[in-house]
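Questions regarding the structure given below will be posed in turn.
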Amino acid sequence: MITIYQFLNGTIHVIDLKELHRSLRGESGVIWVDMENPTEAEEETLLLSIFDFHSLTIEDCRKGSDPEGHLPKVEDFGDHLFVIFNPVEGVMATEDEEAMFRMEIRTSQLSAYLTSRALVTHHYTPLRSITNAMQLLTKNALTLGKGPDFLFHFIIDDIVDNYTPILDKLDDAIDSMEDEVFQNPSSKSMMRILHLKRNIITIRRVAVYQREMLSRLSRGEFELINRDEMIYYRNVYDHLVRMTDMADSYRDIVTSLLDAYLSVTSNQLNQVMKVLTIISTIFLPLSVITGFFGMNFIHLPLANWEYGVLITGVFMVVVAWGMLWLFKRNKWI
Amino acid sequence: MITIYQFLNGTIHVIDLKELHRSLRGESGVIWVDMENPTEAEEETLLLSIFDFHSLTIEDCRKGSDPEGHLPKVEDFGDHLFVIFNPVEGVMATEDEEAMFRMEIRTSQLSAYLTSRALVTHHYTPLRSITNAMQLLTKNALTLGKGPDFLFHFIIDDIVDNYTPILDKLDDAIDSMEDEVFQNPSSKSMMRILHLKRNIITIRRVAVYQREMLSRLSRGEFELINRDEMIYYRNVYDHLVRMTDMADSYRDIVTSLLDAYLSVTSNQLNQVMKVLTIISTIFLPLSVITGFFGMNFIHLPLANWEYGVLITGVFMVVVAWGMLWLFKRNKWI
Amino acid sequence: MITIYQFLNGTIHVIDLKELHRSLRGESGVIWVDMENPTEAEEETLLLSIFDFHSLTIEDCRKGSDPEGHLPKVEDFGDHLFVIFNPVEGVMATEDEEAMFRMEIRTSQLSAYLTSRALVTHHYTPLRSITNAMQLLTKNALTLGKGPDFLFHFIIDDIVDNYTPILDKLDDAIDSMEDEVFQNPSSKSMMRILHLKRNIITIRRVAVYQREMLSRLSRGEFELINRDEMIYYRNVYDHLVRMTDMADSYRDIVTSLLDAYLSVTSNQLNQVMKVLTIISTIFLPLSVITGFFGMNFIHLPLANWEYGVLITGVFMVVVAWGMLWLFKRNKWI
Amino acid sequence: MITIYQFLNGTIHVIDLKELHRSLRGESGVIWVDMENPTEAEEETLLLSIFDFHSLTIEDCRKGSDPEGHLPKVEDFGDHLFVIFNPVEGVMATEDEEAMFRMEIRTSQLSAYLTSRALVTHHYTPLRSITNAMQLLTKNALTLGKGPDFLFHFIIDDIVDNYTPILDKLDDAIDSMEDEVFQNPSSKSMMRILHLKRNIITIRRVAVYQREMLSRLSRGEFELINRDEMIYYRNVYDHLVRMTDMADSYRDIVTSLLDAYLSVTSNQLNQVMKVLTIISTIFLPLSVITGFFGMNFIHLPLANWEYGVLITGVFMVVVAWGMLWLFKRNKWI
Amino acid sequence: MITIYQFLNGTIHVIDLKELHRSLRGESGVIWVDMENPTEAEEETLLLSIFDFHSLTIEDCRKGSDPEGHLPKVEDFGDHLFVIFNPVEGVMATEDEEAMFRMEIRTSQLSAYLTSRALVTHHYTPLRSITNAMQLLTKNALTLGKGPDFLFHFIIDDIVDNYTPILDKLDDAIDSMEDEVFQNPSSKSMMRILHLKRNIITIRRVAVYQREMLSRLSRGEFELINRDEMIYYRNVYDHLVRMTDMADSYRDIVTSLLDAYLSVTSNQLNQVMKVLTIISTIFLPLSVITGFFGMNFIHLPLANWEYGVLITGVFMVVVAWGMLWLFKRNKWI
C-alpha cells in the first residue's frame, strides 16, 4: 500500500503516482511517500524509476521481511540519504504464567530515503510511528512543510519513545525477580533470570546501534539534514543515550541477581546440611547407647536393676541436650 | 519561586522581572536568575520571551521533575550554553536496622543557562548548593561580579563537594561489611553486599558523566567560559577524577568481598561436613559392634563371660579414639 | 590448474599463457587468472615473470597449504593490491552422535592480486565461490567487463554468504543445548557447551578479521577499487558486521548456558542432599526408638503389656509423619 | 623547614629568603627550594609573593596532609609547571604474624613547581628521595647546574626506584602464598589473598597514574623540560611501564591463586565427602546384618547352630571387603 | 666477545677494532658488530667512543644481564635507532614428570643499534638467531650488502620464528590437559592448568610488546629503515599478529579448561553424594525394620510364627528393591 502526501502552498494533499511525477518535476512542494508491504514492482517503479535511488539499497529494504531485519545504518549517496531504523516491540506470551520473564523482544525494520524535497519510508508490517505521523499531518500541515528531515525526525523520535514501555516492563520484571530470588527462589529462577538478561541484552544492542547512527545524524555529518534541525536529532540521541544507560544498569543488576541466586541456593544447601548434621549427631550416639544395652551379655550393667531403664533414658536425653547446646554455642543452628 | 540577583557598580540587588527586562537591554551588570520549582508560565516567560533560549532545552529542564532527572550534558547554542548537572543525595531509611547498607542514592537535576552576562539556574527541589551560593553573594558581591561563569563554577564545585559524605558513608559500610563477612557472615550478608555494590555503581556512574562534562568545560571548548576561569573548572574536574577513582576502588573491594563471602560460607559448609563425617565415622562402627553382640545366636562369643561387657566397652572406646587419632593425623579436625 | 579468462569487446574467452602475455601488452581487455593448487614453477612464472608482483607475497600465498592458512590482510603495492581472505567450512563428524556439538570449523585461504586490469586468485583446495564466479561469467560476461574489482567483490560476497549456514547450524546447536541443559543435563553437557563455545569463537574471529579488512576496502583507502564499486564492498562489510553481531550474541548465550548448567547441576546436588536429609531425619529417630525397646532391661516399660508393640508402632508412625510435616512447613520438600 | 640551594658560577650555596629574592631578580643561577612541612605563612610568602605561582595550586599542595594525598597530575601555567607525584611506602605491621600479607602501602604527596630557573618542592613528611638529592648536590654541584628539570628528574627517578622493594616483597608474598594454597590451605588463606590483591591493585594504580604523567613529561609536551633531558624522563617512564607490567602479572597470578584456593578447598570437601560415603557404605549394611540376627523370632536361621556367629562374622567381613573393592575399582579412594 | 663484519666491494671480511675505525671514517661499506657478553670497557669503547651512541642506552643494554631483561622498545636518536628485542626460550625441567606443564619460558634480551651504515648487536647469552645470521653471511654476502636494516630484519625474523616450537609445545600440553580433565581429573590438574595459563600469558605478553614495536618499525615511522625493506618488517609483524592470535585462543581454551575442571570435580561430588544417598536410603529403613523385630515386647507380631523371619526377610528385600526402582524412575542412578 503506497500513500503519498504532498505539501504545497501551506496545505497537504494525498496524491497518486502520476501527480508525484509531476510534482517532482516541479520546483516546489515537499513529498512524503510511505510504502507499506509493497510489491516488488511497486518498489522498482518508485525507488528506481521515479526517484532513481541506488539499486543496492532495495536489497537492504527487502531484508525488512526477515524476522529481525537489517541492522541500523545510514548511507550518504550525495543527493539522497538511505537510513535503516529498527522499531522494537515487546511481545508477551500471555497464555504462559511466566509471561513477564518470557517477553520476546521483536525488532522490525523501517527503511527510509531522505532527499532535499522528499522522504520515502519503506516497511513490511504496519508501524504505529508511521500512523502517528500521518495523524499529525492532518492536524498540522507544517510538520511536513518544515522539510522532509523534520518529518523524519518526528518518526524516529516516536520509534524511540516506544522503547520506554519495554524498558519499564523489564524494570518491573527485575523488581519481582529480586523478590523471588531473596524470598522464594525456585529451580525456575535461573531460567527466568537468563531470559531477562537476554531480553536486556537485545534491547541494549538495538539501542546502541541506533544511538551510534543518531550520533552521526546529529553531528552535522550529512548535508541533507538541516543545521537547524540537528538539535532535534540531538534530542533523539539523548533519549537513546539514557536508554542504553538504563539497559546497562539493568544488566548489572541482573548479573548481580544471578550471583545472588547462586549464593541463596548455596545457603539453602548449607542449611539442609546443617539439619542433616544435627540430626545425625544427636541420634547416632543415642543409637549406640541403645545398642549397648541391647547386647546379649550375661552381666550387662544396670540391666537387672529396677531403675536401669530410667537412668539410661535420662542419660540419652542428657546426651541429646548436650549435643544441641554444643551446636548453639558454636552457632551452628 | 524566582529570585533574580543583579550585580551593578560593585553591589548586588535583588530585582524583579521588570527590572530584569531593563537590565538586559542595558549594557552592563551581571545577572543571576534562580528558578525553584517554577510554573510552566514562568518558564516560558523567562526562558523563551525574556532570554530567548532554545525551545528544546525547556523540555530537558522539565525532565528535572522525574525521579532521576536527565543525564548530565552541555550544549553550546552560540550565545548561550545549556548545562545539566546531577546533585546527589544519600537517603538512609532510618527505621530499618539495615540502614547503612540500604542507603538510597537519589540524584536530582540542576539545569543552567550561561550567557555572557547572565546565569539562569532551574531546579524543582530546593538545593543546598544554590542556597550556599546565595549566602555567599550577600557576603561577597564580587562572586557574581567576576562573571556568571565564576558563580556557576562555585555552584557546581559545591555540588561535587556534597558527594564526599556519601563516599565516606560507603567507605564505613564497606569496613563494617568486611568485618561481618570474615567474622560473622549471615544469610543477609549477600543482600547487603549487593546493595552496597549497587550504591557504589550508582555514585560512580553519576560522577563519571559529570567528569566527562567537566573535562569539556575545562578544556576551553566553550567560548562562554573565560580562559582565566578554566583553571577553576579544572579543579572541579580533579575532584571528580579522584571520586571516580575512589568509587573504582570501592567496587573492586566489594567485588572481592562477594568472593570472600562465598568462600567463607563454603568454608562453613566444609566445617559442617567435617563434623558430620567425624560423628558418622565414630558412631557407625560402634553401632555395628553393639549390633554384633545383640544378635540372638546361642554361641555368641564373650556373651557368657563375666568381663565380656567390660572388654567390649573398652574395645568401643579404643575404636572411637583410634578414629579420632586418624582424623587428627590427617588434619581433618 | 590455471584458468585464464579474458574479457574483450563484450565477450569472454578462455585463453592460454601465451595469449595472456599478448593481452597484457595490449591496452584493453580485463583478465581473470585463477590458480588452483599450482606448482611452484607456475607460481613463479605467473606471479613474478608475467605479472611482476612483489616476491614476498608468494610466501604468503604458500601459507595457504597450511591447515589454517594466513590471517586475512590487504596490502597496497601501488600498482597492485594483495588480499588474503579466509573461506570457512563447517565439517561435521557424522559417525559421531555428538556431531552437532563437534562440528569442526575449517578455514582455508584465498589469495588474490588486484591490478587495474587483472584479478589473479590463488588457492590450494577447490573453492565453491570460485566455481560460482566461473559459472556466472558464462552467463553474464559483463561481470568481468565491469572490471576486476567488481568480479572480486562477487567472489568475496559469495565467500561471506557461505558463513550463513554455519551460523545457522550453531544456532540450532545452541537451541538443542538449551533444552538439554534445562531438561536433561548430563555429564557430557559441559564438554558440549565448551565445544560449541570454541566453534563460535573461531567463526567470530574469522569474521572480525575479514570485517576489518572489508572496512578498509570499502572506505576508499585503495585507489585500485573504483569509487562506484565501493558501495558493493560496503555491502559485504554490512554482512560481516551482522555476522559478528550474531556471533557475539551466540557467545553471550553460550556463556549463560554454562552458568545455567552449573546452576542446574548444583540444584540437582541440592535435591539429592534434601532426599538424604529427609531419609536420615525420619529413620534415624525411628532407629533409636526400636533400639530403646530392644534393650535387655528387666523393667523395660510397655514390654510386658499386650498393646505395647501397637503403641510403639503408632508412635513411630506419628514421629515419621511429624518429621515429614515439619519438612513440608519449612518447604524442604 | 625551608631549605634553599643556589647554584652560581659552578658552586652551590645554601641561601636564605633574602638572598633568594636577590637571586631571582638577578639573571643567572639555578635555585632549588625545598619546603618540608611548611607553615601556611611560609607557603604564601614563598609560593605566592616570591614566586607568584597560581593560587589554586596551593590548595592542591595542602592536600598532601591528607593520608593519601592528591592523585598525580601535571599542569602547565606557561611560566611554571605544577607537578604532583606520589612517593610510596610499604609499611609492615611487624607485631602481627600475618605481616607479609598485611603490608600496608602508604602513598604520600610531593608537589613541585618547575620554572626555567628554579625547582620548588613541597611535602609534609620527610622524603628519602629529597634527602638523597641533597646529598647528591654536596657531591656533584652540576646536578643542579644542569637546570631544575635535570634535578627534578633525579628526584622522581629516585621515588620510582623506591617502588622496587615493595614489588619485591609482594613477589615474595605471592610465592609463599602459592605454597600455602597448594600445600597447606587454611581458612585464613582467603583473607590473605584478598589483602595481597588489594596491595597489588594499590601499587598498580599509583604506578599507572605516574606512568601517564611521565608519558606526558617525556613526550615534549611541555617547553619547560629541555629537549635534551626528555630522554631521562623517558627512562623513568620505561621503569614505570615495567612496574605496571609486573603489577599486572602479579594481579593475574593472585587471581589465579584465588581460583586455586577455591578449587583446593572444594577438593578437600570432595575428599571428606568420600570418606563419609565409604564409612557409611561399609557400616550401614553391616548394621542391618547384625540387626537381622538381633530380631526376636523363634525360628531365626543359623541362630541355634554352633557356627552361626562365625559364618555371620565372616559374611560381614566379606561384605565390607567387597564394598572396599568396589570403591577401589571405581577409583573413589 | 666482539665480532665485526665488513661488507665492501661485494665481499665480507671479519675485521678488528682498528679496521673498524678506519672503515667508519671511510665513506662506503656496511658494518655489523656483534657483542656477546662484552666487558664494561668494551661497551664503553665501542658504543660511546667509536659509535657515539647515547649514553643512556648503555644502561638499557646492561639490563640484559637481568633474568628477564628489558621490555622491547625502539627509540629514535636521529642518526641511530636503538632497539630492544626479547628472544624467548622454553626450558623444560626434564627430571620432573610434570615437565610438559612446568615448562619455564625464559626471555632474554637482544639490544641493537641501527645506523645508516652499521648494525651493532649486544647480548649476554649466545643467541641462535645471531649464529644463524653469521652462517648466512658466509653463504650470501649480499645479506649484509643490502644494508644493516635488511640484516637486522633477518635476525628478528629468526627470533620470532623461534617462538613457534614453544607455541607448539603449549598446544600439545593443552591437548593432553584436555584429555586429563575430561577423563582422569586429579587434584594436580588445577595446578597444571594454572601453570599452563601462566606460560601462555607470558608468551602472549612478550609477543604483544614485540608486535607493537614491529608495527612501528613497519609503518615507515623511522627514516633509518628503508622504504623498500619495510615490507619485510611488515612480514615479521604479520607473524607476530598470528602468534598473539594463537596465544589468545590458547588462553581462551585454558580458561574454559579451568571451568571444565571445576565442573568435572563438582560432578564427581554429585556422583559421590548420590551413592551416599542411595546407600543410606536403602539401609536406614532396613535397619529400622530389623530394629522393630529386635524389640523385647512379649507380643511381638510374627515373632512366634514359623515363617515370620522369611516374611520379614522378603519384606526387607521388597523395600530395598522399591527404593532402587524409585531412584531409577527419578533418574538418580
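We call the chains A, B, C, D and E, going by the order they appear; numbering starts again at 1 in every chain.
Note that a residue touches a chain if its C-beta (ideal position, glycine included) is under 8 Å from a C-beta of that chain, and two chains touch if they have at least 3 such contacts.
Just so you know, these numbers come straight off a predicted model, no measurement behind them.
**Q** Could you tell me which chains make contact with subunit C and subunit E both?
**A** Output, common partners of subunit C and subunit E: nil, no chain qualifies.
**Q** Angle of the rotation mapping subunit C onto its copy subunit D, from a C-alpha fit, rounded to a multiple of 5 degrees, please.
**A** C-alpha superposition angle, subunit C on subunit D: 145 degrees.
**Q** Please decide if copies subunit D and subunit E contact each other with the same set of residue positions, more than half shared, or with different positions, and reply same or different.
**A** Subunit D vs subunit E: different; shared/all numbers falls short of half.
**Q** How many angstrom between the C-alpha centroids of subunit C and subunit B?
**A** Measuring from centre to centre gives 42 Å for this pair.
**Q** Can you give the whole-Å distance between the Cα centres of subunit A and subunit B?
**A** Their C-alpha centroids are separated by 26 Å.
**Q** Indicate the residues of subunit D shared as contacts by at least two other chains.
**A** Residues 266, 269, 273, 276, 280, 284, 287, 291, 294-296, 300 of subunit D each touch two or more of the other chains.
**Q** Thinking of each chain as a vertex joined to the chains it touches, would you call that graph a line, ring, star, complete, or other?
**A** Contact map by chain: ring.
**Q** Which chains make up the ring, in order, starting at subunit B and heading to subunit D first?
**A** The cyclic sequence of chains is B, D, E, C, A, beginning at subunit B and stepping to subunit D.
**Q** Looking at the complex, which residues from subunit D come into contact with subunit E?
**A** Checking each residue of subunit D against subunit E gives 182, 231-232, 234-235, 238, 241-242, 245, 249, 252-253, 256, 259-260, 263-264, 266-267, 269-270, 273-274, 276-277, 280-281, 284-285, 287-288, 291-292, 294-301, 332.
**Q** Subunit E touches which residues of subunit C in the complex?
**A** 54, 56, 59-60, 70-71, 73, 75, 187, 190-191, 194, 197-198, 201, 205, 258, 261-262, 265-266, 268-269, 272-273, 275-276, 279-280, 283-284, 286-287, 289-291, 293-296, 300, 302-309, 312-313, 316
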